[in-house]
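Next come two complexes built around chain A: one with chain B, the other with chain C.
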Partner chain A sequence: MIKKIFTAVFLFLFATTTQAEIIVIGNLKNNLQSLNFIQVEDIFMGRSRSLPNGRIALPIDQATLRPEFYQKLIARPLEQINAYWARIMFTGQASPPTIVADDNAVITIVNENKDAVGYIDRKNLDHRVRILLILN
Partner chain B sequence: MKVFIGKSLHFKIVSYIFLAAIVFISIATFVFFRIEIDHANDKARTMINQLIDTIEPTAQIAVYANNSQIANEVLEGLLRNDVVHKVVITGDKGFSLEKKKGESVKDQKEIIRELLSPFGDKKSIGQLSIVPDSDFSLKEAQYAAFSNALNAFILTVLTLLFMLAVIRSLFSEPLLRISNTLHSISAGEQERIEPLENNKNDELGRLVVSINKILDLLNTKLSTQQVLRKRVEAAEKKLRNIFVSTSAGLFLLDKDGHVLTCTPTLLKILGFQDASLVSINGQNFATLFFKEPIQFQQMMQNALELEQLESQDLMLHDSIGISPLWAHCLLSKIVDAAGVIRFEGVIFDISKRVATEKAMRYEANHDALTGLLRRNAAELQLRKHLASENSAATIVLLLDLDGFKKANDTYGHDVGDVVLIQVARRLEACVRHNDIVCRLGGDEFLIILFNCSAIKIGFGIAETIIASIKKPIESDHRVKVSIGVSIGIALFPVHGDNVESLLKSADEAMYEVKRNGKNGYGMRGKSGAISVNRPSA
Partner chain C sequence: MKIKNYSVLFLLGSLPVASGIAMAENSLSSWSFKGFGTLAATGTDSNKIGFYRDKSQTQDVRSEWGLTSDSRLGLQVDKKFSDSFQATVQWVARDHAGSFAEQNLDWAFLRWRIQDDVNIRLGRLGADAFLLSDYRNVGYAYPWMRPPHEFYSNIPYYHFDGADITKKFSLSEGYLSVKVYGGYSFNQLPTQSGLNNQKSPTTGISLRYENDRWQARLGYNYATVTSEAPIQDLLTAINNPLLAQVYPDLRQLIPAIMMRGKEYHFGSVGVVYDDGVWLTQMEAAYTASNTLWSPTRVTSYLSLGRRFSTVTLYSLLGIAKTFQHNVTIPSPLVASPALLGIQQRLDQALNNNGINEQSVSLGTRWDFHENMALKTQWSHYWLGNNGPQQWQQSSGNITPNNVNVMSVGIDFIF
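Right after this comes the complex of A and B.
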């Protein structure tokens, strides 16, 4: 019994301490300095195809932080997001953002594409990309 | 409906109820329709809201993603429902799509639902608006109202048919039986209505008992009345016999003298042969029957004013015939309870009595042999005349036959009588129409000459008489008798101012003539001496 309580407390502490700080990043060459929550949501949910400066956005999803990102951005479970995209894709009018493996892959694509917008864990941030929004 | 009404009571009742039911059902259906159309509208809104609930997430996604394909599917899906007429979906990023079907009869209030973002926290991203189909509500309401009306109608008709049967068997048929029985019962018969088996204790049963009681009562009363009526009839017959057979003619007149009623006897008295064929009602009694209507009218006037029984002998109209008809009439005024004035009267036939009286009077006043006035009657007339205003210039001639006694003694009384009759006729022929010739008795005569303006007229008549009497008189026995006459004349008022003195003077003059040779006339002169004139001498 005591062991069970201990385990629960441990798990709780671990979960809070392992919460990553997710940041939305963009290409340095793009003159876009920052985005707000709504702009990020619109771009990633396919509501808006363009960036606030008028350029066509290229949202990049990643497998590692994906559940956490959508939870923080629009407070919905991943299943709901997938269902949403499934319905949109069925019409053939739009498609969900491209999914890459992890933070490094995201940084690489963002660095290479001027209109790309991605998200990564803050601890993996480097000088090749610009912070557009900090999700917390 | 006219076919039913008037046939019989139960049809009438049911027809009226049916008419009333039709009216009530119509009103109820109309009201129900109004309520039902509101209800159908509510129902339509509820259905539409439920439909929106069903497609809301899809619509949210369509608007959220500006996806016209999904939106189109949503709209088409919604329009497949009868209750939906028009759907509009709009998004806040300028997205808009509209679809509708058919023509809506009238404007319906649209139902608007705000579409929230499927991900954001209650953030509106657009709206969905649906216009309900008014035909749907109308049809719903119409159907409900119609089925309700049909339901009511069928129930009413069934109930009425049942009622018809019940009223017929419980009410109409027993009543008809009673009616038929009553119809066949004549007054005074012993027959009664049979008690109704099914209605012993209800109103109809009591009606039968009551009717039977009334029939009993009627029976008793009728027999009593029959006895009474026979008595009255007998009494009336007696009275009628008296009325019809009475010898007095009874009559009743109104105030103006028109006949109201009269007895047959009256008509017989008044000269109608067949009294039963004549009706004189309404005619003026006085002018109809009496020779002098004014006399009867005077009687009426007197009866009216003096309020006493008037009686008078009256001569009837049609009596210008053989013997005059006379009637004795009694007349009196009567006033009935209502204040109407009438006259009642009795008429007796007195013609015979009057005729007898007249004959007797004639006999008393006239000489039986010659038919001339008797002395008393002549003196009475002279006295009356002298007392009247035109008494002047009246001449009295007193005559005595000369040689009559001798002729009487020689030839007998029969010849004497013939002579007297002949003399009377001759004397009448000698005087004027108005003058009076009278036999004083035996062979003495008196002649009164009225209005002789001159004494010469008297002398002339005297001479004519002397000449006339002198002619021989033939009797039946072929005997010629010659006689003469001596005349004494007296003049009123010279020789007397009354009958006695006049006759006395004439008598004296006549004797003077006798003394001076008879067959002449004489009169006292102014000196007092009597001058005698004998024209034939």
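Right after this comes the complex of A and C.
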């Protein structure tokens, strides 16, 4: 039993160390200072694209962080997120976030688009964008 | 008919090309090209009766398995003009009676977002009378092989030309959407008497609540038929004064056989619960009509599923029952083959539209690759004596009590 607990704790620690610390980022020129969990979920799931300041958000997905991001955001694996979007986009309700390759591409787009909202691994954060929410 | 089947297969074959186009798309382009599809084989254990996925199809499947029942390929193009304006066109290659190009065009609309929570759409829109109505062809978006047969096979209305307006309200960790729509629908449907070019103005309202785990839907739809069934030759015969001498009392059937002016009321309630592991969904509908072509009915289904990592096991129960009083078709005074033929056609047209069906299904969905799922489904149907209206049965044959329908297929999106 103790051995099992030890293994579980070890696996848990190991798992957390390999995960990224994901931060949601926004554009510096947008006066938006932060978003809460529900707001980020609404924006990325297409339920409401309105930012608290009334502007329309442009959400950006990061290809490699995507599974971890949605697991942390709404505790669902990617295949369920994709099936959800199949229903939403093929009924003409909304379009899923644009997917880009890596953190650098997310930062570039967020830096160039006033209403863009993306997420990256915190270790790649730089001065061109603002942290809106830390997801952990 | 053959050509249609080949077109579906050709389009499925051209998929890799289409995916290539999608890949090349600019990341923030205002154009988006995407699609969905299913490649599936379906068969039954009976040759006495043929299975249709829904009543818009021209080809049924029997003990010889077929690809046309559940295979389809959908293509969608979206063009964003601004934050407020967007155009969407969706076309789905599938076995559908009538014009292959026109009937399979399910969406072609312009969306105007007045505010973040108010949308107006104008053009060809997906019919939205029930939970799955506007994504019945997107197999990847639901667990089963096809929408529950008892509930969806009798409502083969996929689109209408008109407008809808939707307002969204934030409500206790979710959103409530209220949609009002109206327009004109043109559907080509096969009947025992030939192709029915059905024209019907339609209008309705739906309330949909959705949060992380729950979806609930209440809907009401009204439609009236402004076209006539393909029975002109019968009407001409009945109205012939010479016929009345050898076959009196037929004219009294005219009000029953006319389709024009008949009305439908669809009322439905649906609930979905999905916590990521357990998945349950139910829907119930009452369809009232004053036409014997599609008599008043109740339909319902209940599905329960559980996910084990990327595999979902599900069960599905369905029931459909019509309430109808068969019309007695009088006999001719002279038993000539021509007159008996008229009697038989009238009987077929008026008294062969009922359904008494129950089923249990078991199935699996395996998300074996990103954006692809492999599905298998076994369904056992019990058919009553009330007319096999959601099936294909030749006149005079006795409806079998039990039919098993098996299928295996792959759903994908790109």
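Quick notes
Basically, the second predicted complex is superposed on the first by the 121 of 136 C-alpha atoms of A that agree within 3 Å, B and C clash if a C-alpha of one lies under 4 Å from a C-alpha of the other, contacts with A are read in each partner's own complex, and residues count from 1 in each chain.
The rule we apply is simple: contacts are C-beta pairs under 8 Å (C-beta built on N, C-alpha and C of every residue); 3 or more make two chains touch, one makes a residue touch a chain.
Being a predicted model, the structure only gives us computed values, none of them experimental.
By the document's definition of touching, both partners, chain B and chain C, reach A:76. In the superposition on chain A, no contact is made by A:28 with either chain B or chain C.
Of the two partner chains placed by the overlay, only chain C lies in contact with A:89; chain B stays clear of it. Residue contacts after overlaying the shared chain place A:109 against chain C, while chain B stays out of touching range. Among chain B and chain C, the chain that touches a larger number of residues in chain A is C. In the superposition on chain A, contact is made by A:47 with both chain B and chain C. Look at A:134: by the touch rule set out above, it reaches neither chain B nor chain C. Shared-chain residue A:63: touches no atom of chain B or chain C. With both structures placed on the common chain, the touch criterion links A:98 to chain C but leaves chain B unconnected.
41, 47, 74-76, 84, 87, 91-92 are the residues of chain A that lie in the contact sets of both chain B and chain C, per the superposition on chain A.
Interface residues of chain C facing chain A in the complex, by the touch rule stated above, are 27-28, 32, 34, 36, 74, 76, 78, 80, 83, 88, 90, 107, 109, 111, 116-117, 121, 126, 134-135, 138, 140-142, 168, 170, 173, 175, 210, 212, 276, 310, 367, 370-371, 373, 413. Residue ranges of chain A in contact with chain B, taken from their complex: 41, 45-47, 74-76, 84, 87-88, 91-94.
On chain B, the positions that touch chain A within their shared complex are 58, 61, 64-70, 93, 118-121. Only residues 38, 41, 47-50, 56, 74-80, 82-84, 86-87, 89-92, 95, 98-100, 105, 109, 113 of chain A touch chain C when the two sit together in their complex.
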